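Attaching a single structure in structure tokens format; questions to follow.
In this document, chain identifiers A, B, C, D, E, F, G and H correspond to the written order of the chains, with residue numbering beginning at 1 in each.
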Amino acid sequence: LRTGFPEVIWGQDKTPEQITKIMTAMRDRTHVVMATRVTPGKAECIQQILPEVQYNDRARICAIVNQAKMPQRLGTIGILSAGTADLPVAEEAALTAELCGFQVERLWDVGVAGIQRLLSNRHVIDNADVLIVAAGMEGALPSVVGGLADCPIIAVPTSIGYGASFNGITPLLGMLNSCAAGLGVVNIDNGFGAAILAGQILRTASKLSNQPL
Amino acid sequence: LRTGFPEVIWGQDKTPEQITKIMTAMRDRTHVVMATRVTPGKAECIQQILPEVQYNDRARICAIVNQAKMPQRLGTIGILSAGTADLPVAEEAALTAELCGFQVERLWDVGVAGIQRLLSNRHVIDNADVLIVAAGMEGALPSVVGGLADCPIIAVPTSIGYGASFNGITPLLGMLNSCAAGLGVVNIDNGFGAAILAGQILRTASKLSNQPL
Amino acid sequence: LRTGFPEVIWGQDKTPEQITKIMTAMRDRTHVVMATRVTPGKAECIQQILPEVQYNDRARICAIVNQAKMPQRLGTIGILSAGTADLPVAEEAALTAELCGFQVERLWDVGVAGIQRLLSNRHVIDNADVLIVAAGMEGALPSVVGGLADCPIIAVPTSIGYGASFNGITPLLGMLNSCAAGLGVVNIDNGFGAAILAGQILRTASKLSNQPL
Amino acid sequence: LRTGFPEVIWGQDKTPEQITKIMTAMRDRTHVVMATRVTPGKAECIQQILPEVQYNDRARICAIVNQAKMPQRLGTIGILSAGTADLPVAEEAALTAELCGFQVERLWDVGVAGIQRLLSNRHVIDNADVLIVAAGMEGALPSVVGGLADCPIIAVPTSIGYGASFNGITPLLGMLNSCAAGLGVVNIDNGFGAAILAGQILRTASKLSNQPL
Amino acid sequence: LRTGFPEVIWGQDKTPEQITKIMTAMRDRTHVVMATRVTPGKAECIQQILPEVQYNDRARICAIVNQAKMPQRLGTIGILSAGTADLPVAEEAALTAELCGFQVERLWDVGVAGIQRLLSNRHVIDNADVLIVAAGMEGALPSVVGGLADCPIIAVPTSIGYGASFNGITPLLGMLNSCAAGLGVVNIDNGFGAAILAGQILRTASKLSNQPL
Amino acid sequence: LRTGFPEVIWGQDKTPEQITKIMTAMRDRTHVVMATRVTPGKAECIQQILPEVQYNDRARICAIVNQAKMPQRLGTIGILSAGTADLPVAEEAALTAELCGFQVERLWDVGVAGIQRLLSNRHVIDNADVLIVAAGMEGALPSVVGGLADCPIIAVPTSIGYGASFNGITPLLGMLNSCAAGLGVVNIDNGFGAAILAGQILRTASKLSNQPL
Amino acid sequence: LRTGFPEVIWGQDKTPEQITKIMTAMRDRTHVVMATRVTPGKAECIQQILPEVQYNDRARICAIVNQAKMPQRLGTIGILSAGTADLPVAEEAALTAELCGFQVERLWDVGVAGIQRLLSNRHVIDNADVLIVAAGMEGALPSVVGGLADCPIIAVPTSIGYGASFNGITPLLGMLNSCAAGLGVVNIDNGFGAAILAGQILRTASKLSNQPL
Amino acid sequence: LRTGFPEVIWGQDKTPEQITKIMTAMRDRTHVVMATRVTPGKAECIQQILPEVQYNDRARICAIVNQAKMPQRLGTIGILSAGTADLPVAEEAALTAELCGFQVERLWDVGVAGIQRLLSNRHVIDNADVLIVAAGMEGALPSVVGGLADCPIIAVPTSIGYGASFNGITPLLGMLNSCAAGLGVVNIDNGFGAAILAGQILRTASKLSNQPL
């Protein structure tokens, strides 16, 4: 992956043994080794072998963190989610961002059908340097946020919904067609990828700040 | 069609001669004969034969109206559109509703990426007894309106957009998956059908108001 | 949700514990707290903690009803279903409507391939102030009803069928293209949303009946 | 094609010269040479070279008929269409059937949103030995007819409609999922193929009638 | 269903108790009561309550047959299948046809990639009065048979295959676009519907054979 | 492109001037410069500037050939097409193969609904070292050929057909799901790509023939 | 739009008169007014009324630029395109970025089938602070660039291709599924939106550089 | 199958008993009998009955090999895979090729986001006479390889990925639209078919090498 970010293992199609083995091999190379899409059952097996592994069950992430080497990076990532069912994806983004060393501000349950709740929490939008917005069903939240924010926005469609939401196709298409210009969209449920893109944006900012105009 | 509503001709696949002939045949039976999806060129031909035909080029509707027999019906239909490109569909709905005898209040260009403009025109939402909301691209407007209104909402996806809007499929899917409960959705670009459904809702209200609980 | 209607919990992606907790928190605020998409197993768990919860296994709804505060509302909602397999969706609509305080008239198993059964039960159509029509497979029932009724119709596609019914896409598309003007369509299997829209239509009627022309 | 039926040319992607040449080459081999999907302009060119060619502009068919050798075949084919816009497809079926030597009974404009018109013309259904039913939009007519008829039914989806009718996909899917068992479906707009299948059914009947049980 | 044919229950979404109850209720009305899509486990439960029920596990059909009243009908239905995996669908068609009283001739495993096996069994095609052809994957068999047979052909796409066969969509589309004119297509895996259509074709033949030209 | 093959220009989205300019620039580098997807009108313009350009209107290819440097390559490419409408694609393949220096044997109009014509021309299949098979509509021809041939087969779906052929999607899916193992499929209408793959296969053969086992 | 960026008009569905009118109204409010998707014919009409309008026919953009007020912004945007046919989209991005005040470095024709050309131009990737990568057909370029670059990447699918490229759906899906983590994807052909997102990223960097860690 | 290649059983929809029975029946006819898509559980059952069966759990293949009769064939098949999750498909291809008697060279984990790893293993590409390239997600690897190799390439899309990879549709479409001319594509996850096509290509080469130019 990009230099300076955690080593990451895609945990979904791997056994606990495979994950444990890769984590062990990678742990000395870097300040964070993490595995995504780990179920509670798998996590328990992993922790039995490697007790220093921490597990966040909402984000479905296992990690070994070397706190001493942990970088502290410039910039705040605001993360919004439309509904409570979008939380696993939003938390995957939030925790990944934190493990990269960024400040994260969370704002859950601000779906567009209750616009007042979003408006009365505008400070989260205003404080952020980059925003990640996760939404399922019709996926309208990034468009509304796009009209309120003055920073880059990363939209994450989630597979939440039923019937004609087609496991995330509907919010994906909605986000790609947003009337708010300048959203970047990632794959369905890809909270991890959204965090890496956000992190890359902020790292570039750090580098740029040392360059003269 | 439903009793008391205008006679309507689907003008798209018909020649001016065919439309003229049907309008002539129907005009004595009812207070309004109208044809939808009529291009300016076709309208001109029709008006040369039947000078009493009125043409609205935004709504693409030709009509012969017998003002004397025109009913005045209970209730106001609020019609909102997200972008200027949605106007032909929104106006098809608005004019059809007016030709049915209803009061119409229009609110154009209140797309969700500029939420303040919608919020500062809330009175249109509050005054309406039924709302018709037309939007293309991601089709998010009905969800936001659904959280603000306390009346039935009819959502009309439009074929406006490009790329992954797929000629209206994206807003159609978005509206069907709205997180605001209780929207009724009609076919892509079907402003006419939305108006008829709104009219039917208000006519039912009139009938009900004479019934004791 | 809309004022005066039940508080509703989407039960599908929640544990019995989560549902119980939300029901307990909401029960004093309103006359009805209900949860949809609750399986029999989950319902049993819920009832063990909250014995006053009622469960309807056809509609898959759990509810705590404060009968004393229950409103009695103007208007009758007719609910039709095409096949017996559509019943869970049709009953979700029916029970939701009843929990909102409306009169409901049911007519099951009137699929279009046996048109006589529908015609010999026309009184249900004629008595209704709003109609909800649930159908799977080819979803043709709302079109036929649309030609017989003179009130608003809400069409609910169901995921019933196999092969090229594509879990409800086929009836959804059929309903959106109905040759009967003025149907409002909701998401696949969304009996709940249909009831809320029907309820909103009738509540608007009540409000309107106090307005002078 | 099948023995004893007309020789047929698919006219859509051919020039008038190509069609004329093939018709001339085939005319002596058989009692009927016909070309389908011929536009009026092409037909005029063809008739200038071969004046004995007859053109039916509704069915878009050119034909040279040797009336003397024309067979007279057993059985009546009833052909129904839902809307006036479905007529080109329905007439393609009707004229093809007649050029095969069958008796044809037409019933136009019996869409399901006006079920009474269909019911008051039931004799066409009752008299037919095979039925061809053409419908666009939601394509519901074959299902209703399937519940009324006691003979084989061939369903032809047409590309009539707009928005979510997707050029005939919606009625095609509707017909394949009909709740009336035992419909055979052909390709979108394939009136010709429907007639050939109907003809094959009736020819088989003729052959069978000479077989002992 | 159509007069004189078996009473049929769609067994897939029903419990053994429900199936048993309906079979019991229907059995005196008709010579055959049958249930389709019955798994072996369900069948065993049904047979424990109703020992006279016969079960065919390939066709997945349960039936109570009153052999005395069984009609013997004119005509032979040839049934072909492309691969062994298509057998459940082909046998559903075959057994349904036999329970309607028709003569059935089976020809299994004649997929188009081994054309010689089909050609060396041409007598099945030549002897049949109607053909039912089941195929999955690319669904090419009906086209080839269409060029060899001189009788009506009913094509049944099956959900057999993987990857881009999309659970039967690929053979369904292939059959609808067959270059052999005059195939009638039914829903994916709908062996039952194919048999009913074949039966209807032969019954019509019987009726016709008593009519003078 | 691959060494030793012609330089190729994709002519569809280029003006005659652009094509002329690129051809002129490339002509000295190689024995053949060719442009595909050139309409007759464009070809005429090109030939006015560069009279040595040859145009084949069936294959829609313009080429400048330096006959002296033309290689003569080992192997015969058999090219089959199902219908006459598939010829432009089949000829694009055939001419490209010839301009690469290969022997080509053509067999047109051997669609599967007339299997005898294919079988009585088996020698083309038996003589070929590689086969290219173009078919539209249901795209069944490659499967049948796959059962008869003992050489590599390249399947080219064409956009020929209407309705549910979806501009070539149906034959594309059919070919990918062929029950004949070992077909390689190229993009819809990509006769050019099929020829290049065939040529690469034969060139590899030439190279291999000099290698000891 | 976002503060400090040009005012933009979507030119595709507007007449030259409408565009001229909006440009005139906006020109005093800002340093740049621009219209996208303007054909050469429309541009000529616009320039006849407003001679100070500049037109770039590759980018299809009309603009009035007040050079004096033009900001000079921090950061370089690298823009890559896979094929020459992708240029209109890539240039729409490039010119929009320049009109926002950013430095742009272009690298055209570096499609993945000629990987050496991309590798020998790595300095463009290394110098950029943000990258925009446009590609049609299979859309693979962003994945390869993602493995080479250490800055944020915005992927733009183009509608270039034919057959199974489905007007840009194929590269869109490819980019969303990139094995390179952290790409942001925009709508098909949306060069404008990509530039705005890139600009927003760089503006955020500027703001951040004044913040202490 | 093609002469001289192993007899193959599609193991996925068969019981261990069925597989054992077919293997026993076929084993004397040929030097290799193999079954694909066999799970470890099934393999164990098979081996209990037939201990001479060898099982490769990565390739999911069971085989009985008569080493004495095993042919040794001319040519090397290079097999590349993009990610570790693509290995079952890549190994299915590799083992099938080896059981046909070919030399196989494997190169795993050379996805395009790490292009250097691919480039530093170019010798595998350069040594191969035919290449099989398996990739999931965006499926870009075959395009890059196509620009580096001078031999025929067979592309195998895998169902690896999530969200908008749609179980392999995305890499399938990507491969069909490759900007590298002359790839042959097989069905999703069809490692077996790719090996058979590769084998057929090399066998043709052997035959050709005995032919004079």
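Criterion: a residue touches a chain if its C-beta (ideal position, glycine included) is under 8 Å from a C-beta of that chain, and two chains touch if they have at least 3 such contacts.
Owing to the predicted nature of the structure, the values given are computational and were not obtained by experimental measurement.
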Original post:
When you check each chain against chain B and chain G, which touch both of them?
Top reply: A
Subject >> Chain pair with more C-beta contacts, D-F versus E-F >> reply: E-F
Original post:
Which chain's centre, taken as the mean of its Cα atoms, is farthest from the centre of chain H?
Top reply: B
Original post:
If you average the CA atoms of chain F and of chain G, how many Å lie between those two points?
Top reply: 37
**OP:** Report the inter-chain centroid distance for chain A and chain F in whole angstrom, where each centroid is the mean of the CA atoms.
**Re:** 48
Subject >> Averaged-CA centre spacing for the pair chain G and chain D, given as whole angstrom >> reply: 52
Original post:
What parts of chain F, by residue number, touch at least two of the other chains?
Top reply: 163-165, 169, 172, 176-177, 187-188
Original post:
Which two-chain combinations qualify as touching?
Top reply: A-B, A-C, A-G, A-H, B-C, B-D, B-G, C-D, C-E, D-E, D-F, E-F, E-H, F-G, F-H, G-H
**OP:** Within their complex, state which residues of chain E touch chain C.
**Re:** 10, 12-13, 157, 159, 168-169, 172, 187-190
Original post:
Within the complex, which stretch of chain D touches chain B?
Top reply: 85, 160, 162-165
Original post:
Along chain F, where are the residues that touch chain H in the complex?
Top reply: 1-3, 8, 72, 74-75, 129-130, 150-152, 154, 172, 176-177, 181-188, 192-193, 196-197, 199-202, 204-211, 213
Original post:
How about chain C: which of its residues touch chain D in the complex?
Top reply: 82-83, 111-116, 119, 137-140, 143-144, 146-148, 161, 163-166, 169-171, 173-180
